[in-house]
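I'd like to ask you about the structure that follows.
Chains here go by letter, A, B, C, D and E, matching the order in which they are written, and residues are numbered from 1 within each.
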Amino acid sequence: MVGPIYIIALALGLAFFLGFFGKSAKTLSVYLMLAGLAAMTCISGTWLSAFIDGSVSTQEIYTAGFKPPYSINLRMGLEEAAFTFIINLIGLLGGTYLFQTLKKAGNAAMSVFIILIMSLNVIVMTRDLFNLFVFVEIGSIATAGLILLDKESKALQAGLKYMIATGVISGLLLIGIIFAYSFVGNLNIDAIIGANLAGTTAGMVAAFLIVVVLVLELKPFPANGWGLDVYEAANPGVGALVSAAIGTASLFVLHKVLPMAGESFYPYIVAVGVITFVGSNLVGTQQKNANRLLGYSSIGQLGLVVAVIGLEPVLGTSFKFIAFALIINHVLAKAGLFWISGIIRKANISEWSVLRTKPALLISFLIFIFALIGFPPFPSFFGKYQLIMNLISSDNIGTAAFILIGSFAEGIYMFRWVGDALKNEVAEDATESLDCGKLNKVLPVLLMAVAVVAAGYLSIPFVDGAYSTYFIPLAFIMFIGLIDSFLPAVVKNVVSIAGMAYFTYVMYPIIEGDLMRSIFFGIFMIGGILTLIPGFAKKGKREGFYPAALLMYAGLATIITADNTFGFFFGWELMTAGSYFLIIRGKRSKAHAYSYMLFSVAGAYLILFGFGFAYQAIGSSLLEGLGEIKLLPTLAYTALAIGFMTKTASLGLHIWLPGAHGEAESDVSPMVSAVLLKAGVFGLMLLFLNMGDNGETILYVLGWVGAFTALMGNLSATFQEDAKRMLAYSSIGQLGYILFAISMMTTLGWLAGFTYVLNHFMFKSILFMVVGGIVVATGTHDLYRMGGLIKKMPLAFIAVMVAMITMAGLPPLSGFAGKWLFYNAVILKGWYIQGVIVFFAGTIAFMYAYKMLHSIFFGQLKDNHRNLKELSPAILIPAYILIAGIMYFSVFPQDVLQPINELLVSLNLGDTLTWAADGNATTVLSNWNGNAVMIIIVTTFALVLLYTMLITGKTKKLEQFNIAYSAERPFRPETTHYSHNMFAGLNKAIGFLVAPGITSFWNNVSTMVMDFAGMVRRIYSGNGQVYAGQIIVYIIVFYFIALGK
Amino acid sequence: MDQYLGQVVMAIGFILAILGLYGLLSQKNMIKMILGFSIFTTGVNIIMVAIGYVKGGTAPILDAEGNAVAKFVDPVPQALVLTSIVIGLGVTAMMLAYVMKLYQDKKSLNINDYKDLKW
Amino acid sequence: MDKKFMVALLVAAMAVILFPLFQSFEGGTQLSELGQYYTQNGVSDTGATNLVASVVVTYRGLDTLGEVTILFLAASIISFFLSVSKDDRIENRTVMSVTEILSTASQTLVPIIVLVGAYILVNGHLTPGGGFQGGAIIASGTLLMFLANPNHKLNHTIIHVIESTSGIAFVAIGVIGVLMMDGGFLSNKLFDLGTPGEVISAGAMPLINIFLGLKVGTELSNVLGIFVESQNEK
Amino acid sequence: MEEKKDKFLAPENEVRQVSAPDGSIIEVDPLKDYFSQEKPEPYKVGSGPVENFLNWARAESLWVLGFGTGCGSIEIPPLVTPRFDMYRFGVQMRATPRQSNVFIISGYLAIKTLKRAIRAYEQMPSPKYIVALGSCTINGGMYYDSYNTINRLDQYLPVDAYIAGCMPRPEALLAGFAELKKLIKAGKGHKANEYVENLEWYKTNQKKIIKDWNMPDYNW
Amino acid sequence: MDYSITKFLWSLLGLFIILNWGMLMSSTMRRVGARLAGRIGVPMYQPWIDLAKLMALKTWLSHGVMYYIGPVFRLVGGVGMFLFMPIIFGSEIWSNYSFSGDLILLLYFQSFGMLGMAMGASDSSSPHASIGISRGLAQFAAVEVPMTLAVIAIAIQHQTFSFNSIMEAQQGGVLNWTIFTNPLASIAGMLAMLGAMSHSPFNLVKAPNEIPIGPPTEYHSSFLSVLRTNSAIIHVVEAALFMNLFFGGADTWLMYIVKTFFVYFISVFVGMVFPRMKVEDSVRWFLKWPTAVGIIAVLVAAYWK
């Protein structure tokens, strides 16, 4: 094993050696530098692997042959090995990435580069305080030098600000160090820690100065203008180094030095970290410059880790994993993003759409962004999960909340960025500035992308409840992703369906016997397969569709099969990510996918927050913990409920849905509407079952929310002119019913809820598939531009009609089962007024059902739709399979509902419904025999039809204008089709109920946040002197808060 | 006088450091700011030296036999200050170089003129 | 509010923060633990009578290496972005005339200064001084040269060679310390410690001091040279 | 004939091209595409007691189309007042030709109105009856030399009953209905078939006078 | 579950009686209306003649399959409502097929015919039809609110949705009728009935001259006869529904006829007195006063014992 000291020797020797070349032999110099970096990486890498093997123990390296504290010593342990390895790796890849730039800049720049990496190694390893200072200074000066690689005026300014800031703080650090020495008589960090430096006032001041300066090295918000300028002005390759390598080293230093200040100081570090994380991300929301945005994000992420470092006493054994997961995630993702930025060379994030011309980079970009936000399967997901669990377990609820808020703020700009990259127009000359011809630029990016996924996989053993089986579907998705660009959609569709079918077959035994899970599993998987079938109608390759769809379904399956909160959350986030990619594929989906993602992320964090309490209750991540919450149960349950409700789009949290579902592709809408929304329902059901007595109030409130959601959703749907949006609003309404039903927490309520779940899955799948197909065929979303299609698409009409009758809850179809159960449940529960609102919503549903049927299929056929044919079998076959399902459910409701009833009775929801052998369902209030109703109605229908045919002679078929039109004749089909603003009267009467108040509320919220962010970021005045002043103010404020007492 | 030599030097160090800081933060002219910075670092260096002072001590140089002739002042801060000075020098030199280069661009030494990067 | 007043307030607050430190300083009653150790064992450990030098060069040799690195960095960076390419350079620009006294005196003084520097450098382990001090003095000679003749050209190649060689040598000594002795990086026990107080004593310390001095001297000179030359830009 | 039709073809009835969502071009000929081109056929008139009963029912349930063509239409509203009360005779007003059997051509018929009258008449289900009210429908009356009114209604539409006078009072109308009932009960209420059988002749007459025909030959 | 032929025939007989009673009732009401206007009005047998005439017409035009099936749906809706409700309280023979459901089924089955008719009328491609339907649906939605409130109040009061149980609870004297035991719910329900019956002032749906009688504007001959048959049935059935809910049901055919006549008369009577309302006004009206009364009724039923 090569001693770590050789890292220093090698780097310095090389750096000095490069001086021999003067200004010549630049290419050789670069290779030499890279070889040096590679060697350094190897050294730290071998140490790391040895430590992981356990074949070596922590090594102390004494310099000058004397034992510490008399001489400087370095330490090489597992942590040091890992950190140096990361740093060296980033150095090596960064150097590779900067190959051309460094070559152009000359040997001096290369020396600076390698010295920078070397200094970071020493910073990590050294155990001597003053030595630490020296190498921190080396790092600062080297950074200041590298900022100038591009020799721009902006870079110069940034460099000067950086120098001033670091100069001031290093002076203060020196004061701290020398006084620490004076008090302890020693410079060895371990010795100082052992000496209880913070015991005296002056000692505390010294320790404070040391710690605060090291914190300032991490650019805490708001005293970090100088750091941001560096990120913005420097070459992105340097930005990557600053963010990834220097940041990492600084974090390690803070971790190393923090114990000097004593236990009591940790909470302040947490506060610093959290403020930085939240503040920086919040201010970042206003930023449009890519590099500066990455700067905000870097600072935020580092702040998060600072907070974690401050939380070390709280986190206990998980600390190392959490911190390391977050750091490695940050390092890999941020370095990758900076490098991509260097390849893209677009300052404004809205121009990043040019990424789409380079799929590999785009995928890497997405991986990095999702890793940063903390999506699975990336390490930060594992880290954040464990962090929140531990925080709440240790009663640090506020910290957990702020961390989640900060994460959300990060999501705000990250997803805007993703949206820009995925959806903005690619300017024609955009690709000219691309700089990806060179392998050395692209390769590091791709390596980072692979590494961040691998790091996620490696995180599994460290988190309670994480299993490697969660990665099986992901592997399949990666496989699909690999073949994505080569194969036509048909093949991929077949592969995907086969994969899903197999996956279903494999996973089913896990949940077999659990009826509730089986139902949802069935909806997700069978629904998934059915909704994939319409994809056969699509031509071309459909790049990106299948990985996204499968990601969503993998997430859904994981939600169901998970037996612990981790698995649940893992699946939840996978599903969110997958559905986001599906939704954003729509032509005009950018803004809608964005708001979908924001609501989803916020919801997911609330869920995570709630799960924390469950973890706290039982000390493990098993789902059983949900029922045991003792700490602030109302808060926990409310958070969980709201979290799940973001997915069910309940009132107030619904504004993302209409656009997201309405603008999605025609076969995506059924996936996200009919299938996906049920995940929220599943979550809510799981939650309600576990809430116990604590949930009474929540359930009561949710009942009202559900009722108003149903009313608002249906009423809005009635006033829609866009076919798919109408269905989307209808989904909101239907989910409102479900929420209301399950909030009752009675057998009947839940049975109604299950009936709605099943029905909504079936009829909304049909509706979205068929209407989506029609929208594609007619080339318009507007209902009033359609019409008269019944003659062209009779099969589609029948499908929609059956679905609509089911939705309206008319007997004899299964929709009535839900209504009947509803009435009984409402009366027995005593939620009369809410019930009436829901029933009112039900009659309103009738109106849009009619509007849709009429506008699409009846009335006047438009000229340009004359040649339309029946929809493709790829759409009709799944639709008719579902119709068969509806029919079965309608004729034999007891076959479906009786087992569920038994399940609910076993869940102690009460035994209020009895089933007779002939299918008669009886409650104390009412009875209903679905079978009999079906028989009677079908018979009556047959007889009446016969009668009508008997008294009717041979009919004469008419054309569309053969109508009694007050003795006139219609002019054009367009002016003879009554559809637009169909319910004008109703709108006049109660349209005010659906005035977009919620939307303006959220708009105001976001404007306020943005304005606030815009106001806060004025502190970054751009004046280096002011920045230095801010540092001083920061120190003063920090001092008086922390030590002022 | 000897009694308070340490405190006096220390006080001078602190005063210089504070004054330097004041200069750094209040002067518009970048050269003056760098002067302020230099004063600041000088102050810090003086503080360092003062820390190592031992009343009645002399330079920590032994006689040929390696015996302590008299009471020594602490050699460590003296060694450290050496490094500190060099670092200060490096930083100052760099800052000056930056300012020179900036001045070439905009012909201004006013720090307020260099606010191209903000927010 | 007036900016300067604000700054004054800030600085005052900073002073308040720092005041406990000042207050705690008792004016040096006794040596620190480390100081005591060095006083007692310095000579036997390193063979150098100048304790400061022994601390600088051996005990805290890594710091010193860092220091050298900083100078190297500063020089490299400054040369990197202040260096003027040949096309942009004005040869022999007109400068303020230099007084006769200065130009004449410099010719006499510079060799003496360099000599003094060399002396301090070589005797660093015995008397006050050492590599840094010596190097700085040598560089002040260069400064005097520039004052006397602003158009003076430094031979950059030689400077680079000296700089790099001494730097590599410094590192090499450090590495040899690890390889050959059980001592460790930058140990001075490369050679026999000899008799304390003699010039050839204290192991590798004089050698290190020499390299250090050369490196510091050349680097500082280099920085000065670059600053001067940068004025030659068109 | 063809030329004239072209000359007076309304813009909305011109052949036009639209592009389908898939980009193909569709040619639309409004008069052919929007209207059924089928020719009507006479219905079978039954016989026997059942037919007699049906005729009685047809006679006792006269649903009048609420379409006033000329000045005689002012005479119809009094029929629903207490004074005349036609409801007691089973005569009722309907708003749509689809549900009406009786078409009262109330007075002079401007050519423009004739076109509407033809349309409304052809849209009524058979058996259907036309009651011509006032002398204008018989010979043009005081408008016999008008450039803009027809003279003899039965040239254009088959008339079941004429009520002479200028204007006839509501009582006369009631008498007319009674007369019509008698005709229907007698099995003579099948003028609709007559119209269909002589469609060529009627159409020629109609088109002769209506220059801007602009509608299919038979308005279903 | 009794699906025997006898049951079927008894139900058919009941249907026949109801149909004729409905026709008679409609001509009676028209005559009452005529008398109010100082006229004599149509003969008592006019509805039968009209029906026969419509069947005797010889033109059958079809706009499409749904146009054809629309009236079928409508009649199935009416007949179904009839079948799902017992005619005579306590009589096994006249209980129809009420075993398959109760009040809830009936409330929702109301819409079955409506939707079918709506689709049929839409298929006629006449804009007037769809205008009428849109008004009808809007009004229907508003009417359902007080209706539901009344039903819920009654369900709370009697703790059942079963017709038999509701009727049973009202036996034993006039004062046991819901209209007396639960006047608020009854008021709400009866006001809702006004809308459900679509008589003036809530008949803008079929505004004869504005949108030539709305949804059935294209219907004629046999199709119209089916619709008329249905309207005869459904008026009685609707009246019977309210009779069962508020007026103690009927234990003999005589009571059935008297009470349905009375209930139906109420709606006609109101219609004679009040002019037509615009749809937005009627929606507002139903959501204001009847709803307020209904909410009070529910609250009273639920919490004032």
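Annotations for the structure displayed:
Here is the rule we go by: a residue touches a chain if its C-beta (ideal position, glycine included) is under 8 Å from a C-beta of that chain, and two chains touch if they have at least 3 such contacts.
This structure is a prediction, so every number in the text was calculated from the model and none was measured.
Touch-path distance (fewest steps) from chain A to chain D is 1. Ranking all chains by how far their C-alpha centres lie from the centre of chain A, first place goes to D.
Relative to the centroid of every protein C-alpha atom shown, the closest chain centre, again from C-alpha atoms, is found for A. Averaging C-alpha coordinates per chain and comparing to chain C, the farthest chain turns out to be D. We define each chain's centre as the mean of its Cα atoms; on that basis chain B and chain D are separated by 112 Å.
Averaged Cα coordinates give chain A a centre that lies 50 Å from the centre of chain B. Once the centre of each chain is set as its mean CA position, chain B and chain E turn out to be 99 Å apart. Taking the mean of the C-alpha atoms as each chain's centre, chain C and chain E sit 106 Å apart. Across the assembly, chain B contributes residues 17, 21, 25, 51, 76, 80, 83, 87, 90-91, 94, 101 that each touch 2 or more other chains.
Of all residues in chain D, those touching 2 or more other chains are 96, 98, 220, listed in ascending order. Those residues of chain A in touch with two or more other chains are numbered 130, 134, 137, 141, 144-145, 175, 179, 181-182, 187, 956-958, 960, 962, 964, 1029, 1032.
The full set of touching chain pairs reads A-B, A-C, A-D, A-E, B-C, D-E. Interface residues of chain C facing chain A in the complex, by the touch rule stated above, are 6-7, 10-11, 13-14, 17-18, 20-21, 23-25, 32-35, 37-38, 41, 45, 58-63, 65-67, 69-70, 72-74, 76-77, 79-81, 156-157, 160-161, 163-164, 167-168, 171-172, 174-175, 177-178, 181-189.
Contact residues on chain A toward chain C in their complex (touch as defined above): 3, 5-6, 8-9, 12-13, 15-20, 22, 61-66, 69-72, 105-106, 108-109, 111-112, 115, 119, 122, 126, 128, 130-131, 134-135, 137-138, 141-142, 144-145, 148, 151, 175, 179, 181-187, 200-203, 205-206, 1029, 1032-1033, 1035-1036, 1039. Remark: chain B residues 3-7, 10-11, 14, 17-18, 21-22, 25-26, 50-55, 57, 59-66, 68, 72-76, 78-80, 82-83, 86-87, 89-91, 93-94, 96-97, 100-101, 104 touch chain C in the complex. Residues of chain C touching chain B in their complex: 3-4, 7-8, 10-11, 14-15, 18, 22, 25-32, 34-35, 38-40, 42-44, 49-52, 54-56, 59-60, 63-64, 66-67, 70-71, 73-74, 77-78, 81-82, 126-128, 130, 132, 195-197, 216, 223, 226-227, 230, 233. Residues 17, 21, 24-25, 28, 30, 33, 37, 40-41, 44, 47-48, 51, 76-77, 80, 83-84, 87, 90-91, 94-95, 98-99, 101-102, 105-106, 111-112, 114-119 of chain B are the ones touching chain A in the complex.
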